[in-house]
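Look for chain A in each of the two complexes below; its partner is chain B in the first and chain C in the second.
So, the complex of A and B:
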């Protein structure tokens, strides 16, 4: 399946600016908040006032794509948590008001599938509509769903995306559980911090995927997920994904790895680049957007833009190997060291 | 709370409950229609929010939907209803 277009809202200036031609924003803290655009002209004020961050960001990215590319045959969203802030508000209300009368808006907007549903309503799209909620593999499963539909020739064009928001309530719970760093951290030091925990991120990334090649020939060749793997199983999975796409390790030009600065789980990446992929450039992306379950959607956004522009911003380079041309990118990410995924992206030569 | 104070309080609560970020209490006129094409242009989900607001903030339950249509017509009607119910309950 081919990537036709993409839009991202992230802690970087990705919505109105091109981070490949402007400077990367340096962030500091233990939450990397997304830079939300002005939604006037995209979302009606009457609808906007009810929406939480994930809905706003999701619709803000998806609606311009749906307006530009008519006749979308399906909307597939990956979101681990959905409108988490609204969800926790609603749960708190149940307790605070002793299971009495509850406001409907928080409930309606809090479910993970609220975004896909709202997009269908806003664009009068009554085709395939699904939301995947498999925590750290939610976006990957949305991609697999899209790939199956496109391979079966059931559809020609799909909107696929991932969205996640930071909720203060959930941040505090996860921080207590050790997921985030005790001390605030700068984006330039995150990956090299050598301490436990990471920083919390958020964002929305949407793609238009098509079965036929477009102008740019950038193809998602393969997606593979694996849960609770041993290191051997993980390395075999990486080799197998290359084998079944007739590629050797040396054919991979760039690796985009999901290092997040947590010494407890970053070793998966370091061992893979030391033992398996020793001659490839390695890029990092969580220093730009923080850690969240569907962050691999942002990695795919980077892969698409690198292959399209044949350029790598210096702030995301972890290890550099000289290459004249970039054709194959392998994205490897894991969530909490449990859910691992590979996405192989290729620029097909005409 | 006198009638004018009550109307101001209702406007503040409406802005809070419905997240009407572009409005100040003085922007909402006492006789401005809350629903329909003119006025605040609220919709059916907002009406549910207002019913919850009346119960939580003023301890008033609207059980009959037909009553709701009249009570939630504008700020004047909401204030009159709250005063009437409070008077009956005294």
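So, the complex of A and C:
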């Protein structure tokens, strides 16, 4: 399947903006918050006021795409938690009003499928519509779903995306569980911090995927996930995905890896680049957006832009190897060292 | 490619296993009552479909004494999962194989521990046991861990059609050749969260629900879990197969966040897509296990959808939510298994509590247990908030009945 277009709202200036033309924004803290647009002309002000952040970030990216590429044949969203802020607001009401008469707005908006449903509603789209919520593989499963749907040959164009919001409550729960660093951290130090934990990120990344090649020939060749692997199984998975696509290790020009600065689980990435992929440039991306379950959608956004523009901004280079042309990018990400995924992205030469 | 069901497992308010569920359906025994274990202000006010076993007994039965952070959602899903893999005789190696997908579904996840979540979210908890237990995917991850499952794993949340979509996604994964088999289904347990949510929408009934009746007053929330082992024709060998999954259709109604369109666009399209994938005609459907929640909106619109597709030849239909209540994320899988019961045993289960049809249609669901029915195709409908409509078609295997 081919990537026709993409829009992202992230902690970087990605919205209505070429991420590579402006300088990368330096971030500091334990939450890397998304830079949200005004949503003028996309969401009506009265609706916007009542809308949770993941819902509005999702609509903010998806609706312009759906308007530009009318008639999508399916809407597939990956979101681990959906509208968490709404969810816990409703929970707090239950507790604070001792299960009294509550207003349903927060409840209805809190379900993770609210975004895909709203997008269908806003564009009167009755096609295939689903929401994957499987933590660190929610977006990958959305991609697998899309791949199968496009292979069935009945459909041509899909909207596929990943979205996650930072809510105070979820931050509290994950912080208690030891997911985030005790001290605040800058984006330039994050990956090299050598301490436990990461920083909390968020964002919405939406794609138009098509079965036929468009102008830019950028293709998602393959997606492979594996859970609870041994390191040997993990490395074999990486080799198999290349084999299956008739590629050798040297054909990979760039690796985009998901290091997040957590000393407890970054070793998967380091061993992979030291033992398997020794001659490739390695790029990082969580210094730009922080860690969240559907962050691989942002890695795919970067891969698309790098292949399109044949340019790599220096702030995301972890290890540099000279290359004249970029054709094949392998994204490898894991969530908490348990859920691992590979996405192979290729620029097909005409 | 044919997709076969080789194992089933389910737990609901009408039975802690497959056999007990069939027995209750046959004997018209409802599971709707005032709950014993569920702690909520509304426990005495509404009827619920509560599973008749407490958490500590579940823990004991599953042999999980030393594990921390287990929620009722986790326990119910593990119970149904274990029964399904035993039924299909899957080895541990087959379960953990990269060729086996595990696609679960839930809408409330670990939020059944509403008070504990409140404490953790507001940093006033004195235990850290449940920090990774709340997400919709938490039960899936725990089962993946227990069996060291390495293949494609997923959790779907499309509200009340969640597990119908997990059956559909698993079937598509097999048909595409990405996996050889899939364990598909879903779970939800009673939670203050959902009960208060549905109550705020004023669609809970104070009496036992009466699907498709003119005087229906709303739904009863239930809990439960169900899983199906589905396998590609390439790997079943000489296994006993219970049914085939022949069709699936998914459509969004694109009308309203919490109600369905009067002309039933999504419902109609999901049914037509499922019939199309099955390669059959509407006339071939012999029985419909309806979504039939018992709300004013759902039952009316579902009948509009059935009219749209079947005209005046609507097949016999009933809603088994009159036994189990609406089990939300588990409903599609539980009712999928009931559909398989119908195919396996040639019997149709009645819609309890029905008296008077809705005048616009003058259509009555089945109200008696029908035996020796010659049925080949059963359709199961599931509809969720945000317009998510899914229909599944199960097919009888000729050599079984």
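Everything that follows uses one rule, which is that the second predicted complex is superposed on the first by the 350 of 350 C-alpha atoms of A that agree within 3 Å, B and C clash if a C-alpha of one lies under 4 Å from a C-alpha of the other, contacts with A are read in each partner's own complex, and residues count from 1 in each chain.
The working rule: a contact is a pair of C-beta atoms (placed from the backbone, for glycine too) under 8 Å apart; a residue touches a chain by one contact, two chains touch by 3 or more.
Treat the numbers as computed from the prediction; the structure is a model and nothing was measured.
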Fit-or-clash call for chain B and chain C when the two complexes are aligned on chain A: fit
Chain B versus chain C as contact partner of A:194, first or second or both or neither: neither
First, second, both or neither for A:46, with chain B first and chain C second: first
Touched partner set for A:21, first chain B, second chain C, both or neither: neither
If touched residues of chain A are counted for chain B and for chain C, the larger one: C
First, second, both or neither for A:131, with chain B first and chain C second: second
Chain B versus chain C as contact partner of A:246, first or second or both or neither: neither
Touching partner for A:225 - first (chain B), second (chain C), both, neither: second
Contacts of A:173 with chain B and chain C, given as first, second, both or neither: second
Which of chain B and chain C A:90 touches, first, second, both or neither: second
Touching partner for A:112 - first (chain B), second (chain C), both, neither: second
Gap in Å between nearest CA atoms once chain C and chain B share a frame through chain A: 8
Chain B and chain C footprints on chain A, overlapping residues: 101-104, 108
Interface residues, chain B side, partner chain A - complex: 17-22, 41, 43, 45, 48-49, 51-52, 55-56
Contact footprint of chain C on chain A as seen in their complex: 75, 80-82, 87-88, 90-95, 98-99, 101-104, 107-109, 111-114, 116-118, 120-121, 123-135, 137-138, 141, 144-145, 148-149, 151-152, 169-170, 172-174, 176-177, 225-229, 233, 338-339
Chain C to chain A touching residues, read off their complex: 40-42, 98, 107, 111, 114-115, 117-118, 120-123, 125, 128, 131-132, 134-137, 140-141, 144-145, 148-159, 165, 169, 172-173, 176, 178, 192-193, 196-197, 199-201, 250-258, 265-266, 269, 384-388
Chain A - residues contacting chain B, complex: 45-46, 49-50, 97, 100-105, 108
